[in-house]
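Beneath this line is the structure, given in structure tokens, with notes to follow.
Letters A, B, C and D mark the chains in the order given here, with residues in each chain numbered from 1 onward.
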């Protein structure tokens, strides 16, 4: 996992996917070689060797990558289109821009800001947006801009969402909901135009929706969990990126579960953000392939 | 956890539960002392310090326990009834009799038999009943009687259940469904008259019902689990005794999940059986208190 | 574990230990009852039922505890001395005062400060002392005093240790070394007069001493860990309070291990500090009994 | 991990290693393609991008593999020798032959036999050798030959080792010490000529040598573990294949640790055996690269 914690000059990450067929690994390897690239790491996955989907992530080093980008892209088009393969190539010297939406809870937000400051997340953080002001001072102490967009009263959130969209527009590559306790409208999802990652405070698909720790206590489970997933139209049904759990006992109250769960939430979210930032996560229907 | 792997002569396990109130721990401790018992271990739990339920498990040593049983019981009645507390006392020199119901899958069944042979489960196993004969030879190699009761065709299982009930009647203290793939009728549950423990091959309440590994694969979860619970009228809704999980990846098929999950199933079930056999599990509504 | 995250008015925590003998649980329970206390929770441990040591932790509620303290203490002396038992009783309305010694690494320090601010650690933090100034601003942002005591050049640290001791004297109940990279002299340990908790960045007893992540990489282990322990005269040999591990692969560099391990270190240290602050940890020779 | 649980006809596993240099992935991919192979999975590792070692494992499908073997091997020699790379290619339709050496403890041995019967281990088991006869009946019930070779009295084990070597000679591809409690002489290691895998009942490098559970209890650790490793001349110092741990408390005796640890031992050993059987483990000096 060492290849991309830092921004890497002259390194590219190439994602290839499409119908599984013979020879794709060799085809892509040959393409990189003839474009003077050197493969650093290569992962692949086939959903089914017979008629399934093929996914590949290749990191390669190529001196003067910036200058060569157009010709490599042309070669990728020329080579992969006949196979019906899609691709995207990312210059790893450019950090993804991550906006964080938060509410009153600070544990996921502060953990992301702190990891970023330590150099553990290869992203830039152009802004944190919250519907409360309680975390403003902490956020700004990390040198990150903070914007307060109060949540609209009532079920119609179009105005507050519009205000958020205006702040995000053109400025971010993905959005993280770090325990942002508002339901995102489908309209927002369509307009934002970048991936949105959420941390849900349960082991999905158990305890979908509100108050999962209360539900976990009511059901008497012996483990509680957290799930990082891409947000889709269906609440808590998007593709799962990462999950983890922690053991609990009958002696712990719903409030204890919340406190214990907070540690799992921040750990799970930080892994999901890291992997997304490194283009290690590929979405396919309602699943993810995670080359971690 | 060392106190009860083996049958313990002159040791009693006392379970007390009822409305939480001041002084119960001292009351019980005094009772044991005046009956010449020495407390070996003591656990307690209060569901809520204000108006909740109180649960206590005490293991004590008392020379000539057998002879003193009646007078201790009389004292318990006399002392605890005014407080509205219920109690049960178990002589730990007597092993609980466990019947295992199995199907074709052998992993949970063999693990129980093997642990029993190693002396890790303080039970006796008077019989294994299966609707298939494939495990007969293995079971009998452990010196355990095997009975074959084929599953009835069609939705009505009353005849095969009656045959099982006849074998169990008076012979067992609890029943373990070790991946017994038949739904148990409420009629069976009422008639069997002893606790029934099931191992469900998912992290409940996720993936209730049939084919949980297929459902887990479809949902794209990153952990799979197993749950041991008491069987109640509602399918997969009974009080959970123990759960655990194992990490999986996108690269694993539903069949891989099944193979990986089998290890979790047998581990979870063996812990649940051990704790039940040691009277460490107290049922309360749809929950368990586990003094493990 | 809910009983003591917050300071609890009119609650006492009583620790009793000494030679194991019959009737101690009942004796202590009766004592609390006759002093008008109500037992909230009770844990006990016997190192060996025959001639071993006995340990008990009892939390009880007693209205007007402060006023009754002297008479309860007199009763404890009177009752327990004939049995050769030692005891200490703590008023749970008083938070322990914790000093943190840090160096350049911020992960353990910030996690403690942040958990304290969230109300997850029942301590007060009168000061953070560091041999570097890099964390000063962060510490003070939490409203905690920061003192800079530079490390002395050369092997003799007596002057810098004396400066630290002067700051601590009378002001703290325990000291936490939150990745404080200086070896503590035995002289310091004797003079400080309060427990000192260290976090070692390996799974002790593996990789004692400096550079454990480098040693772990050299040995090719598949898990790395962290250990919180009381500091004693022997380096990294003190009683272990808590440990945990995380899985690593051949693909991770010593630097990766350090980054991954930091998460384990802060988690392990925070649990050890919580348990110590709640008087859940009893030292016995080179072991701990942890009633968690 | 689905590719090799079963023997796979017309599939080869190619391991390549040598000095890291540009273009190796593409070179190998091209070689497989021109030999009409289709890459199924590909993993690689570089110990250091500057002057380190390169390791690659490629699984490919090639119709009529058996017939093409010699020409592929010739091509591998021709292509890789100029780069100073070494290689070995395994026909995945052939199961490795595994001998198990056991003693009185049956948990690791029975778990391997049982997994093999379930089809979870792509090996054949031509024999089990033990210095005790207690497991003979169990082994033969699995249809596996059992040989009894009593341990020689005294420090000189040359005669019993000679008897074992005679049984193994030419009949096995690797040897597993499934809690075989005898120290293997260097002379045996040299003569046996195949890899030997041991399961050590501690988290190495902690608690090398005899009685690790007793040592773990004495040190007061909060986790106990097991380690599967290749046997080398230095006791318990060989390359580690896999490790795992389980949480323990002050309340557990050394005997409890042994019982709890047995579950970890069998789990760790079965994973190590699976990965070795699938050629997923590459030894490099005192390390392993595990493409799991």
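Throughout what follows, a contact is a pair of C-beta atoms (placed from the backbone, for glycine too) under 8 Å apart; a residue touches a chain by one contact, two chains touch by 3 or more.
Note that the coordinates shown come from a computational prediction; the quantities given were computed from them, not determined experimentally.
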Contact-pair overlap exceeding half with A-D, pair selected from A-B, B-C or B-D: B-C
A-C or B-C, whichever has more C-beta pairs in contact: B-C
Chain whose average C-alpha position is farthest from subunit D's own: C
Classification of the subunit C:subunit D interface as same or different, half of numbers criterion: same
Between subunit B and subunit C, centroid-to-centroid distance (C-alpha), Å: 37
CA centroid of subunit C to CA centroid of subunit D, Å: 42
Subunit C residues counted as touching two or more neighbouring chains: 251
In the complex, subunit C residues that touch subunit B: 22-26, 29-30, 32-33, 38-44, 46, 49
List of subunit C residues in touch with subunit A within their complex: 1-2, 5, 106-107, 110, 114, 118, 120, 138, 141, 251-253, 255-256, 259, 263, 267
Subunit C-touching residues of subunit D, taken from the complex the two chains share: 45, 203-207, 219-223, 225, 239-245, 249-251, 286-290
